[in-house]
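Below: a set of structures, written as structure tokens.
Heads up, the next two complexes both have subunit A, just with different partners, subunit B and then subunit C.
Let's turn to the complex of A and B:
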């Protein structure tokens, strides 16, 4: 087990180093001069070449690429992630300030998806092709197709139109004012959670249907166990493993989707910061935030893999 | 694939008669009414996109300052925007951009990925090992975020958006098709080809590739919906196809520049995205259900027009 753990961790580390290389290369080969992005076309044209060179050197952009890359790796290890081109704040402060709200949204979305998806999947599987199953399947097909950011916009619009309500627009952390914080995160969490819930209900339905066909479930039935006990105590635990996996995979969808959904709800989370940085071509901020999103995705999927061994006693590494 | 299904495939004549394809299409339709509905709606949307100049009631770019921010009425069924452009016409032209981007991106990305997957599965060895690692790294990025970063790096025009979305599709194609190629590699006729001295290139293109067509089509249909959503999200976030070209995404971005957005400017473009994605997803689901859990020979025949292996 320890050996497997180590191997899996090294593997993930390798993936992340690959990720960082891709980010670095993609962001350094961009055709535009970063100075044009910072100063604007006119400002750039009016500036003396010597001044340009000085600014490039100040930003650390005139060193060889290999040096720049190694310096970035060093910065990651030391936790000093550099500064935004445009604002004085460091990337670390940005993450610490805006990260918690995005993390809350992602976690809450996960909770919503299980609360909505699992019961729907169970209800579908208990009476396959019944009316409840039909409803659950249609609803899940629709929620998979609806883009989260559009659903978000509609919700914001409806609340504004009918109730004149708007969630707080500046960051309110949960430790400052839990109620205002809740208003800020619940919308994005529900929208993201519903879409994931649709996948969860599909997955749990098909897994449960498969498990219910197994011999040991028939044995339980033959012994006259209550149907509720059979499904919830005997079948469900064995059907959950793939559902947990898909939940990990879906996290990528939540992380990506949250960027657009945060924009729709006007939540000033990390996703908004990433969008702004991309539009402003703020390379230092973009490279660190993209790496952060990828790192979270990779780490969570490692944790999902490891949870297998813990949940299923048959699996031992 | 079991021996008898291979036999069934072998019985098919080289040139398919029209009637047998029709029969199998009808069979498919009876089993998957939703998929057929999806196909019809998707087809209708494609037609709308192609014939946009004929169908659209007005010029999507022409401002009309006499009629700004009008709610839907008899003159403009979907209302007008901040500068009086007709929303219905913009939604229709938006279909053009969205579908063009989605089809190109999937064609480019899924095809690249699939060819790569065939090579990985057939060649194996170190090439496969390295390729798998590379695809793993690509899949470590959330889709939208990778697409955003790439389109930032190469500019925000139409080609940049297509390439950005295409790159996010590559590993999906690669992984699925690789597994198909892996199983095909072990089949006897491939072995026979190897024994008679055919080159790896020849076996891959003539013997392995045709087997990958059906799973490729499933993949492509499924990923069309994903590509449309990514395109719309990029447009919505301001890093997609730039205005004034109307896309469903940038129309939504436009709509929320107002402090209190008009409902019709939000509702219609988003509804267009939803309906389109729903249509392609239903079609993809239907095709996949037919192929899963086992690739049914009847369907494979239909998809590849009877010529196999």
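Let's turn to the complex of A and C:
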């Protein structure tokens, strides 16, 4: 187990270093001048080239790329993620302030996806091709197909025009005001959760259908066991492994999707901070946030792999 | 005390306006041998006004830095101005009249070469330090002659400011190298951008305040808290020099993108009391609400596209540029973006400026008429005369990645093709890339928007159309125009100046330095409980921005 853990940790580290290199290079290769955002359009137009070069040097953007990259790695190791080019706010503070909201949305979305997706999948699998199965399949395809940000905008507009309602417009942490916090995260969580729930429904249906045809399920039925017990106690745990795997992958989609959905709902989470940083070409913020997202994705997948052994005693590392 | 705000009826308003206008006109007429003294009263507190409360206001996304002088966006001036004062200012009642602020009065030498400001006594910065003429000198030395690495877009307004002399702690003189029209100079001093900062703040930070969050001002509100990209919270400055002001206890400035659904929905749901830069759809919705006032006013921005005269030989021909100018159906272009941003038709000078061609007259000119057939005919004739009867092909049309420009670019592309057989390829780029490409001259046509600090034509004649001007992206040169613009800048007689501006407009029509598309308007909306402001007559969003006279009632 220790060896396996070590191997996975090394793989994860390698993946993150690879990701960091890609992020770093892409951000520097893309056209566009961060000085336009820093100085404003007029200021940039009126600044002499020598002054522009000096500011770029002050920002550390004139150094060779290798030096800039190593400096960034050093900052990550020391926990100092650097400062925004613009207002001097630290990236660490940004993550600490906005991260909890985004984490809440992601976790709540995961919960919603299981609450919606699993029962739908089970209902579909128990009576395949019945009316319940048909409804579940149509609904799940709809939620897979509909973009989250569009659904988010519809919800925001519907709440606004029908009820004159809008969630709080600045971050309210759960420890400050749980009710307002809930109002802020529930919208994005439901939108993201429904989309992921659709995938979980499809996956759990197909896995359960496969397991239900296994010999041991037939044996249980032959022994006269109750159908509910057969499905929930014997079949479902064995059908869950692929569902858990896909949940790990989906968490990555939730993180990615949250960028657009947070924007649609106007929730000032990390996703929205990333969008603004990209617009501003705030390279330091963008590279750290993208790496954070990548790190979360890698860690979640390692945890998913480790959970197999706990869920299925046959699996040993 | 009635507990009600003092009401001003129409008759009183007209009397006061007439008196004020008379005073301003009189003050502009120099009497031989004596300085022109001006001491219009500043904003005064009304004891009858209800005090207290929190104003929730939204204007633009968060700024990229905190240095108001270096900024060119309302993202700075919106949230930060309530914490600062200027030397003189525009009256918040009309957004036009210049009134006293930290300078309680001023004189202008008869030859226009010396401006003397008499400063208020007993004014303190938020850190408790006394405000003196040294702070004004440090502020204006920085604006007029920025230190290395600092760029201040208003610097050209003070190009003729020579020595800035502190006469005593409460008197300061600006000695000009050559005179400029008084409205131009006073407008420059009254610009909301030119906030007075402490000399010590500038010294402590090497003249650069970009990353200094809370440098002290003398303004009506003090910094309390800022949450990055969310909100900037300020509280009433209890020691404000203008006794009785401000009325509000607290101002919360929310950072939301202009014209965004987020801003519109927040306002319509009552999460904001005042929204600036609303999108047209939300604004129209707000207008239908009984307890809301929706206001529209002119903004100091021109939407235009440039023809690169250095790169493209055909575009260097004034006849081709005039043909492109005439090929535009401007009424259609305004219509194209009506749900994205409010626009109005104009020529080469702000269409609402007293010196520009009046709207009714402009609408009769080729290129601005509703019926575009005569303009298109003339455009085709000009193309043929210039040797481009068959049109042009393969023009690189660089489009700034903003919704209005993307919509317009498609329409303009079609108009050029249909009317004068000019074919172009659209290339949509990010804002920062657009400015790189424009500065490097990597375009044939390029569409964007540019701002000016003042409405005065001299400001735009140098920045937009000036030889080597910072926003002369097409590299336009027209020596007779530049000579005329230099004369306009120096001319002190307003009547003569107006005639010269009209003459300049004619020159620009014949040899366009850019192709004007439209002029922007700003849509504001506020709940009727927000009293004390009248944005409908403001010019732009950069001068009346302090909220000291605003109160909540009802």
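One rule holds in what follows: the second predicted complex is superposed on the first by the 302 of 317 C-alpha atoms of A that agree within 3 Å, B and C clash if a C-alpha of one lies under 4 Å from a C-alpha of the other, contacts with A are read in each partner's own complex, and residues count from 1 in each chain.
In the analysis below, contacts are C-beta pairs under 8 Å (C-beta built on N, C-alpha and C of every residue); 3 or more make two chains touch, one makes a residue touch a chain.
Note that the structure is predicted; figures quoted are calculated from it, not measured.
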item: Subunit B versus subunit C as contact partner of A:100, first or second or both or neither; value: neither
item: Contacts of A:268 with subunit B and subunit C, given as first, second, both or neither; value: second
item: Which superposed partner A:47 touches (first subunit B, second subunit C, both, neither); value: second
item: First (subunit B), second (subunit C), both or neither touched by A:87; value: second
item: Partner chain in contact with A:23 - subunit B first, subunit C second, else both or neither; value: first
item: Touching partner for A:157 - first (subunit B), second (subunit C), both, neither; value: both
item: First (subunit B), second (subunit C), both or neither touched by A:257; value: first
item: First, second, both or neither for A:286, with subunit B first and subunit C second; value: first
item: First (subunit B), second (subunit C), both or neither touched by A:117; value: neither
item: Overlap of subunit C and subunit B interfaces on subunit A (superposed complexes); value: 31-32, 153, 157, 160, 281
item: Footprint of subunit A on subunit C - complex, ascending; value: 61-66, 70-73, 148-149, 151-153, 155, 210-211, 213, 227-231, 254, 256, 261-262, 265-266, 268-272, 429-433, 435-436, 439, 450-451, 470-471
item: Complex contact set, residues of subunit B against subunit A; value: 133-134, 136-146, 148-150, 152-155, 225, 229, 232-233, 236-239, 252, 255-256, 260-261, 263, 266-267, 270, 273-274, 277-278, 281-282, 285
item: Of subunit A, residues touching subunit B in the complex; value: 14-16, 18-19, 22-23, 26-27, 29-32, 141-142, 144-147, 149-150, 153-154, 157, 160-161, 252-253, 255-257, 259-260, 263-264, 274-275, 278-279, 281, 286, 290, 293-294, 297-298
item: In the complex, subunit A residues that touch subunit C; value: 31-47, 51, 54-55, 84, 86-89, 94, 97, 153, 156-157, 160, 164-166, 168-171, 266, 268, 272-273, 276, 280-281
